[in-house]
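Several structures are given next for inspection.
Here come two complexes built around chain A, the first alongside chain B, the second alongside chain C.
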Partner chain A sequence: MKDDDLLSAPSDQQYVSLERTASTYTPLATYNLPKGENRHYQQQYADMYFARLAQLKPAVEKLASEAWAEFEIAGETALRKDRVLDVRQGELCWVAGTVYMEMPLKPNVLEDIGKEHWIAAPPPRIKYDSGIGLGIMLEDESGRLRLTGGFLHECLLVTGAIVAVVGTENKDGDFEVLDLRVPDLPRQPVRWELEDGNGALNGKATQEVRPTAGKVAIVSGLAISGDEGDTLLLDLLLEYLLGECAEPSMQGDAAKVSRLIIAGNSLSNSSPIPTREEVVAASKKSGRKIYGYDSSSYNAAPTDRFDQWLAALLPSMPVTLLPGEQDPTSTSLPQPPIHAAMFPHARAYMSLPQAREDASWFDSTTNPAEFNVDGFRFLGTGGQPVDDVYKYISDCEERLEMMEAMLRWRLTAPTAPDTLWCYPFQDGDQFVMKECPHIFFVGNQPKFETAVIEGPVGQQVRLVAVPKFRDTGELVIVDVETLVPEVVKFEIFEEG
Partner chain B sequence: MPPKRKSTGPRPVSSRQSSQQPQLSFHGKQNRVTKPSAAQQTKASKKDPARQNELAQKDAKTEAEPEDEPTTADIVIEQQAEEELQDAHPDPLQHSATVKAEDVLGGRAAQSEVGATGGAIGTGWVADEEEQARKISETQIKRYWREKESVRLAPRVHQEGLSVHEKVLREFDMTGHYGPCIGIARLKRWKRANVLGLKPPIEVLAVMLKEMEEGNAKAQRAHVDELMSSRFIET
Partner chain C sequence: MSANYSEWLAINVLNEEHLISYRSLSRALKVHSNLAKQMLYDFHRKQNAKRPGSVHATYLISGTKHAQAPQSNGYADHDGEDTAMQSSPPLPSSSMPQEENHEAERIVVRSMLLVKEEQLEQAKATFEAITGIHIYSLQAKGLSDIHSLTECNRKIAVDYASEDPLLGWKQYGTIQNPNVKRRSQKRQPPPPAPAPEVARPRPKPAAVERQASKDSQDSKTAAQPPPVKANPELNKRSLPRQSSEIFKSFAKGKSKDRKAESQSSAEASPALKPQDEPMADFSDEEADEHGEDIVEEVPKVTDGKSKSDREAELQAMMEQEDEIMQDAADAIPDKGASAEDDEDDAIDKPEAKTEDETKESVAVENGRRRGRRRVIKKKTVKDEDGYLVTREEPAWESYSEEEPAPKKVKVTPALPAVNIAKAAGGKKGGKPGQGNIMSFFSKK
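Now for the complex of A and B:
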């Protein structure tokens, strides 16, 4: 750099400016609950289990009958039984139902209430397995059948999965399992199927040539808590995405990113529930009794920081925001979108509540969420379903295997009414996947992992486990044309 | 306070008469507050064993009076039944702004705002089940019921006082194949079973529509639902 550079008159030199790649975004309202008084909580969860079994039974029975049509042992073929209790001793047969796993260490609300009065609660368990042995049962509307057999140790099973098993009943009354089948992946839509279909319905001609798709950035676990510790990494991320940092080749890479998906836990501990001791201490200090939530202790710093961060990013890049476990929205799945009231600055980029079709710039969406980016179907969650499945499977740390199992069971939240809070669906279980996504991403996982799984009719799904940004500083960038992810890591070099 | 003095002089004429305020009395026949039904007879019948039964009945009656307030379960089932009733008799003057041409003409399933609970309320028919059900006559229903009874070895007991319609509906309630019958209106349950592909019998739908036409809103709630959510069950 010469000495005259900074003190010279403005020149006519044209500098190259980079344009961000555009993308087509279509949100789907799959997990939107009705508003206000149309939401009923009167019904029981038995309706949900019944609906789940009725929806998935045809699929699993079709697969099972194809697989076991010639299943023969000692000259005996397997017969299909309608109800779980119709199995007979010594008869080779197959039956389909819901899996129920007996885990005495599962959180039990009655035990919790009982213990609350007498002893301090034990620390939450990482896994529910008690070590005594698996108590797996198959259930349908007629009753429950206990399953045994060495084959079960190889299978990944959680309460709520729909499976078909073949075997025979032994003299103890337990069903010995010889083979197991799951519904497997549903039908995968062709790329651009939804957009072409909508266009045809509206009378527009289909576009033959679509522009090349760019990349999509996925991050999760920003965990903004309002203290100074999170400022630098967040700002680095912001500058990278805006193309303000690094050299021109990296800026070129950042310009190809057409959308940012934030997959849960953007805020940490946003609504802490005070413990009993804290409430007592607070009331002793101030003299007034504080019932329930004390609004004078609300700290607006985290949401303020997040809002400013988004408002700086949004003019340049569209964002999809999924809520997570610690975000300020309902804890029961499907979580409603984080309300526009939390984003006084960023809500200028949000669509109006009635005009759902416009939600293509800043889309605050539900958890789990399903949407189309550049024709490909994306399905993502904030991490709660996978974390819950993790607690059921003993001796297994493979999160990708659990994600694959969830897709093959066709359930976005298999443990839903049992150990995961959810809305009591009455007409149909909304967590049943009707269409197979092209990419399934899960946020707030311990580390970045990816794999591709294949379905029975040639479906291919890319699984992406997105790590927590607060702990690892990793940002996942997926190339939409090839669906291959890569990682960009942000680290602060601390001199020792 | 100055000590009390005993005064013996002639007292003025009763101060009550000179003042303008009326006299208040909290006893007497005009001011009765309690109902004369149960309280009066307790003393006598406690000793008389022959009247214990009467007493029990009267107790039950006084307890049953708060039943006039509907419970949350009642309200929800009534709401569901009303929605189904409205759907069965759509008011021609009411214009539904959300009905588009595609819904009526049967286009591709439109993306609805409330994707999570299966679309707008009022839908739920797969094909023309409603028209088919309305065409079914009483003789067809009776024939269906006779077939159902002939399958059993022994006749049904404790159902002498029920109409054929009520018997058909109760049998539909108790069939576990179509899901739990508690907490859901009967028509909604039929629609749900239909959408899930469980093929519920069309005669049951015919009975339900006939009951609705007669304005019998009570038939929308399963009898076991009323029993299970009753307040008189001992726990």
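Now for the complex of A and C:
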């Protein structure tokens, strides 16, 4: 049937229901926190930096020693120093360590306390950098070294990144940086590597012919608020994914979408922890504490709406749900999955926690999350790490650059724990990427952007910045075979 | 079924003035959504031919928009393109060159636009290519707020909630997924939480009662059965926060403790003076120091038993029951004074009376209390058969201690009403809950 036949009288034509492309899905437990008693919050965050440096130093030193083996200035070759304090004045050398950025506008716990005495709070900061007082240091277990030099202005650096720098210490005791290296992309698994490995372990023969993979839809920032009038786009999105609206050719496209990934902020304003300002406002207004259940202010409608929405979608397609900044789960990264109790209807599609043999049809996962879809490795976050990196870098709006930098630093959350809340990992920093993803998506970004970057040994990563659906009405659809994204935009025509 | 769609639409759109979307129609008539779209179109056309403007429609247009569409809120400018970047490994920053010469990969952007009938042409103009257009919904009068269309889907969710989506949705043209995994038995929403703390203590009041009745027999004092009966009720009600284990051991042990004490005190002071104060004293001392004594002693006792005499074990176990209770009973008041409050009710009355205040002298000076008090000490002796026997014996000891710690007072709010009642009406009514430790503290 032709597409424009929808504007014609009903005929005898029989419409058939389409069948959705299957999705092979393997969730990875990379960012799962220790369970129950094993989860502690007493540890010091310093251990995380030590662990991170220990994990990434070999990689960056390997690259640096290759690059700077021949590094020579005025007949002097650059020597390698093991510790930053071993650097001697006037000596050309290179050293690896953790970057620490001193920025006057970085959040400060003492300032937080002082806030209570402010008459008017300063406007929320978009960037930490005020232009003055910026200090970049290189740190390891021995001490700190202040970095300087014009070269640094071209570099994108944030606290927590592990880098190697070459240069000399000048008479002020600062290190003049001439060049810089980062760990760069880690090893990238071959497509289907994990699945084949698992299959081999279970004694199954490798599948020679795999079905052609479909597409994966990624959306973020649904921001269901329970307000009237913001859910029509959500309805359209649902109808599109279910293949009910639009013309048959569009429905055919929708049928190829084999999975929906929700990258954070599905709900609006339902973070369990109110900000200091909210607490003050709430206690002023009602004289009641905001913590705890307050039936007059608690609104179950957004959660309920979201649950219904998912329950309508799940019969037709599997869903992977990442929490975001505003979602009802822990606020520190890695965020644990949104609990099944929030989804009285949709949880019928979750597998029971005891039965772990298969991935859930509806997989409420962590943020960040790592999983394999149709053999390709996906790594995604709800957007907080990029948003935080953004604050470090002055005069830069290029979200893709930041995403690329994160990959090259091999850190999913480089600024944690300095300015981003995170769990105090003890044995190794979980945010260090051990394997390079094929697709790196970041939710809740201002606009859709995409790029492909390449690594030193031919790794190729597709970067996708997923816009907020609430603001843009955009759904990103990535073809899993080619890793080329496209956009479906839902709009309502307003007078204009 | 599809033949009578005109009738159905006439009733719902014209008469009832409902918003009808293609989805509501497909659900109501159990037809494919594409067919429903055509039905809407047909109805719209026929009705408006009869009476222009009688039925109002909204359309859904899909296609690609012009790159510089006015509605694209600044988006079309940059994000349609994909800069394929060549990475130069050295630097995160330098590896992201803005290579303008790189040919931009065109990202397909498709749009779905919902538009009211009167703006249809205007909306169509923003499209570069329209791949499809269909009627989204019909309504009798003009649609003031397009967002009210969301009501259609909400209604569907409510009206067809009982329908199994895996079976029923095929006929609506929903994309089917053969791989769907759903848990077979849908879990029912859990019944309202049955306030476990209230329910669980049930056995304990029974125990208290049993003990209490023994008490009243043993101590030949004027036991008052009605208050004893009333106790369990009070316990249940007033002890919602107490964990059941603690409560249990406490309740029993306490009663035993009482038994011992009431026995001795009954002899000691036959003249019964119903007063609050001694009771409070008694409770207080027990809470503060006595408990510690016993806690220290008991482990030794059990140790000695297991080490020294194997064959005595059986016998010892018989008694251990008592010891453990005692132990628990004494240890707990340290932690949860409130538990004691709740326990100190009418059962205590006999003991309260028997506790002679003249024998216990308490002097307060410089914030310290000094005095003599009677405590129950445990003595383990080997009897003539070689068995270990543990006996509880009242003993006097002098003590000096800080004024009651404020943290205990904190618990007071739990029972302010009882205190007040007591202060006012004395113990006339044999009120449960009297003689609690908190009355002592609050008076100081």
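Going forward, the second predicted complex is superposed on the first by the 444 of 496 C-alpha atoms of A that agree within 3 Å, B and C clash if a C-alpha of one lies under 4 Å from a C-alpha of the other, contacts with A are read in each partner's own complex, and residues count from 1 in each chain.
The definition used in the following text is that a residue touches a chain if its C-beta (ideal position, glycine included) is under 8 Å from a C-beta of that chain, and two chains touch if they have at least 3 such contacts.
Quick caveat, the model's predicted, so the values are computed rather than measured.
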**OP:** Would you check which partner chain A:218 touches, where first means chain B only, second means chain C only, and both and neither mean what they say?
**Re:** neither
Original post:
Which holds for A:334: it touches chain B only (first), chain C only (second), both, or neither?
Top reply: first
**OP:** Pick one for A:489: touches chain B only (first), chain C only (second), both, or neither.
**Re:** second
Original post:
chain B or chain C: which reaches more residues on chain A?
Top reply: C
**OP:** Figure out whether A:262 sits in contact with chain B (first) or chain C (second), or with both, or with neither.
**Re:** neither
Original post:
Between chain B (first) and chain C (second), which, if any, makes contact with A:48: first, second, both or neither?
Top reply: neither
**OP:** May I ask you to decide whether A:96 touches chain B, chain C, both, or neither, giving the answer as first, second, both or neither?
**Re:** neither
**OP:** For A:379, decide between first (touching chain B), second (touching chain C), both and neither.
**Re:** neither
**OP:** List the residues of chain A that touch chain B in one complex and chain C in the other.
**Re:** none
**OP:** Name, in rising order, each residue of chain A that touches chain B in their complex.
**Re:** 28-35, 38, 40, 42-44, 46-47, 50-51, 54-55, 58, 141-142, 197, 201, 334, 356, 423, 425-428, 430
Original post:
Which of the residues in chain A come into contact with chain C in the complex?
Top reply: 1, 3-11, 15, 17-20, 22-23, 63, 67, 154-157, 161, 179-182, 184, 228-232, 234-236, 238-240, 242-251, 254-255, 308, 312, 314-318, 344, 347-352, 358, 360-361, 398, 400-401, 404-405, 408-409, 447-456, 472, 474, 484-496
**OP:** Enumerate the contact residues on chain C facing chain A in the complex.
**Re:** 2, 5, 22-23, 26, 32-35, 37-39, 41-42, 45, 60, 62, 65, 70-73, 75, 78-79, 82-87, 89-96, 105, 107-116, 119, 122-123, 131-136, 145-147, 149-150, 153, 157, 165-166, 169-183, 186-187, 189
Subject >> Residues of chain B touching chain A in the complex >> reply: 72-73, 76, 102, 107-108, 110-118, 121, 124, 176-177, 179-180, 182-184, 188, 192, 195-198
